[in-house]
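Each of the two complexes below includes subunit A, the first together with subunit B, the second together with subunit C.
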Partner chain A sequence: MLEAREIKKVYTVERGIFSGSSFKVYALEGVSIKVEKERITGLVGPSGCGKSTLARILTGVEKPTEGMVLLDEKNILNYSPIERASKVSIVFQDPYSSLNPKLSIEYQIKEVLTLRKKIKKNFRFKIEKPEELLDFVKVSSRVLSSKPYQLSGGELQRVIIARAIALEPDYLLLDEPTSSLDVSIQSQIIYLLQELKNLTGMGMLFISHDINLVDCISDKVVLMKDGRIVEDEDYFKKLLNSTISLT
Partner chain B sequence: MIKTGAGIIVFLVLVAILAPYIAPYKPYEQNLRERLQPPSKRHILGTDELGRDVFSRLVYGTRVSLSVGIVAVGISVLIGVTVGLVSGYFGGAVDAILMRFVDVMLSIPVFFLLLMVIAYIGPSIYNVMIVIGVTSWPSLARIVRAETLSVSKRNFVFSAKAFGFSKLRILFIHILPNVIAPVIVSATLGVGGAILVESALSFLGLGVQPPTPSWGNMLTSGKDYLGIAWWLSVFPGVAILITVLAWNLLGEGLRRCLK
Partner chain C sequence: MLEIRNLKVAYKRDGKRYLILRGVDLSVGENETVGILGESGCGKSTLALSILRLLKRNVEFVSGSILYKGEDILRLSEEELRKIRGGEIGIIFQHPFSSLNPCMKIGKQIEEVVRLHSSVYTVSELLKTVGLKDVEKIKNSYPHELSGGMIQRCMLAIALAGDPEILIADEPTTALDKMLEKEIIDLLKELVMKKNLSLIFISHNLGLIKYLTKKVYVMYAGVVVEEGKTDEVLSSPLHPYTEVLIESYPKKGRIKYFEGDVVDIENLPGGCKFHPRCPYVFEDCKWKEPKLFLKNNRFVRCLRQEK
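Right, the complex of A and B next:
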């Protein structure tokens, strides 16, 4: 299980170079959440409520101000970076900034496959060549020689998902993975993610501001507002039935 | 702009490499009977006070100017880029210390620093290269730091961290290619600057030492004969002008097209 316990995160923002003053942003004010294997946990909330911050903290890369993240019952900060990477992975909203614009798709896939060779872990799938990894996300190996800007948003997001699952992680964090894609492509990506979950048994955290989408694909839905988890069932039902968007 | 600049530079590089084949005389070959001859068929740019062929010395001087310019900027890029990357990526105390050091370096008039250091360690072509390189990186470090700060916020850098890639890989494979464009521009402009500084140092007798021909020290020896042998000063001056102009043209052109 990947679990956040009472996470608080405060950002200090410098107001200006000359004034020397700064103010604090309370992005998370005590958030607890559990991501279980073989399940899709949905996380919904209006934009700015702290969803992305929580996702970044759950990867173990960003440190919380207070509270801790437990990965299989052990503090995530006590794992080595590679060991942690082989268990938790993340996909962001904007596919265009998620790959290095200067490096080819092939290079960026190979560098995670090289990492895969270094990890001592019983992998279930045989993935040695970039083509084999791309098969999982149904992308033609023709993209390998391209640079990221030459791909469409949908293709790019598939490549990013391929990289994210290359180490066969137990948990995949999806931060609005379809929000910047065309509607028709959105459903294809969601279908792909569900397929991958069934195939690998990964636990997923599906973050979105679209409550109907989250409700439809998740086994469990968690609501967030202003840096806190909202437990109110009625609030949830009301949101679900209303056509008013959360954003 | 790029084409003109690059064309002249390629030409100069060829001149430097092929100097022994282009120069009609040896650069040190003295002929006291033919001192201070004006340009003629035998000596197309004339001869100097020791009867040496000015054209041949100018051709060999290309080697000095180009190598000083390129090596000095190479050193400056190496230090500037590393400091900028480290400062921008790690932030915090490392950044604060490095940037205060940069501030101090930038507030010292570089040329006087150069003069002091060279006067202390002694003039030679290698010292000139090293000293120009070691004193000219701070502005480059600033540029690279600012770029690194903004690139580090992008998702692909976060992904690289999430994968547990080494800091070296993140800095030099993921961030560096994304901050290199302004470095190329500023380095290209820097070569012209370094060539000028070398000429100035050599002119003051603190650069490349005679009898090795450099455009700067040719100017120095020419200045004593300005009234009677204009060709001693004018041709090295023109060579410096054209070379610096070529690097500036290339740098400006690159700046426009990399935008």
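Right, the complex of A and C next:
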């Protein structure tokens, strides 16, 4: 299990270069959350409530000011970066800024495959060539010679998901993975994620501000507001009613 | 009031010319709310910008006309056009932060428009109509000091400053989160009712189109593929593309998905442009391009419906 316990995060922000003074921003004020294997946990909240900060802390790339993240009962900061990468992975919102624009897709996929050879882990799937990895996310191998800008948003997001699952992580964090995509492409990506979950038994944390979408795909929904987790049925209903849906 | 006839618009890239609108017909009546629905790259934003001739330099009009109260906008001089822009037709854009001058205070930017169109409203009145409180403080703020929702309200204030008759909203809430979306949309709905505006609402979000508009045009690859009353189109779609859009909308408990990627205007297939993604494709679709025809009070462009 990937678990955050009483996480607090405070950022110090400078008030202009010359003023010399600064103030504190409380991004997270004691957040506890559990991401279980084989389940999709949804995390919903308005912009600026700390969703993305929490995601970065859960991957271990950012240290919390207080509290800790436990990965299989052990503090995530005690793992080596490479161990961590093979257990927790993340997909970001904007596919175009998640890859290096100057390198070909093939190069960027081979990067993770080289990493795969280096680490000692009992992999369930046999993946040696870039084509085999792309097969998992149903992208044709003709994209290998392309640069990121030549791909459509949907294809690119699939390539990014492929890179994220290459080390067969136990947990996959998805930070608004479909917000910049069209509705029809969004449903393709969601379907893919559900299939991957069933195939590998990964635990997923699906972060979004679209409560309808999260409600529709998650096994459990967690609400966030102003850096805190809200456990309130009424608030959930209020949020659900405050969005415009088709029905 | 506004009538677009067989509009064709092309853009140039690497010495080649690609048609981005391939013959669009559209009409907006007085006090009518019209939605334009489609995915990225289908030409809906180009259509919006064409109406006010705000297209980039590499984009040109090929043929067709845009009649506003009987006058062809494409033939107007810059001088005459400036009166229509903002004065007769107002527009709000998708990205609020890139639509305002970052080095100018909000109050000044709105005042500019008020002066240009010798508006009957003052800046404070405008800011109040779009539901902003603490007007004085906002007038003295720079765009970066305000939140996305507030900026979009200011953009709406600017669009309304010239007291226009038509308001074009080009995906006004895509940059905002879902909770703010409803606030802005409700405000838009209220203002359109109160001021008897005609609205052209462009979006890829079916929910918003249904909530706001009476008539809808569904666009794909630079043409209208279905046109009709919003309720009818969204409850019983005739064109398979409309069906795909409706079915992929997230619904509790099930995800339905369709293969195929959004249209690439530089590599259009032959025949019906939707056939590579169409769940009902048959042989004729691959070589014959369907025409828009009337069926059950609706216009649709599909060979299957012609049968």
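We adopt the following convention: the second predicted complex is superposed on the first by the 241 of 247 C-alpha atoms of A that agree within 3 Å, B and C clash if a C-alpha of one lies under 4 Å from a C-alpha of the other, contacts with A are read in each partner's own complex, and residues count from 1 in each chain.
Please note the rule applied: contacts are C-beta pairs under 8 Å (C-beta built on N, C-alpha and C of every residue); 3 or more make two chains touch, one makes a residue touch a chain.
Note that this is a predicted model, so its numbers are computed, not measured.
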### Query
Which of the two partners, first being subunit B and second being subunit C, lies in contact with A:141: first, second, both, or neither?
neither
### Message
Per the contact definition in the header, classify A:190: touching subunit B only (first), subunit C only (second), both, or neither.
### Response
second
### Task
Could you look at A:103 and tell me whether it touches subunit B, subunit C, both or neither (first, second, both, neither)?
first
### Message
Output check: A:65 vs subunit B and subunit C. Expected answer is one of first, second, both, neither. What do you get?
### Response
neither
### Message
One more residue to check, A:81. First (subunit B), second (subunit C), both or neither?
### Response
first
### Message
Between subunit B and subunit C, whom does A:216 touch in the aligned arrangement: first, second, both, or neither?
### Response
second
#### Entry: Contact residues common to both interfaces of subunit A (with subunit B and with subunit C)
none
### In the complex, subunit B residues that touch subunit A
154-156, 158-165, 169, 173-174, 177-178
## Note on the structure
The residues of subunit C that touch subunit A in their complex are 39-40, 148, 176-182, 185, 204-208, 210-211, 234, 244-262, 264
### In the complex, subunit A residues that touch subunit C
46-47, 152-155, 182-188, 190-191, 194, 209-213, 215-217, 239, 242-247
### Query
What residues on subunit A touch subunit B, complex-wise?
56, 59-61, 80-85, 88-90, 92, 94, 97-103, 111-112, 115, 163, 167
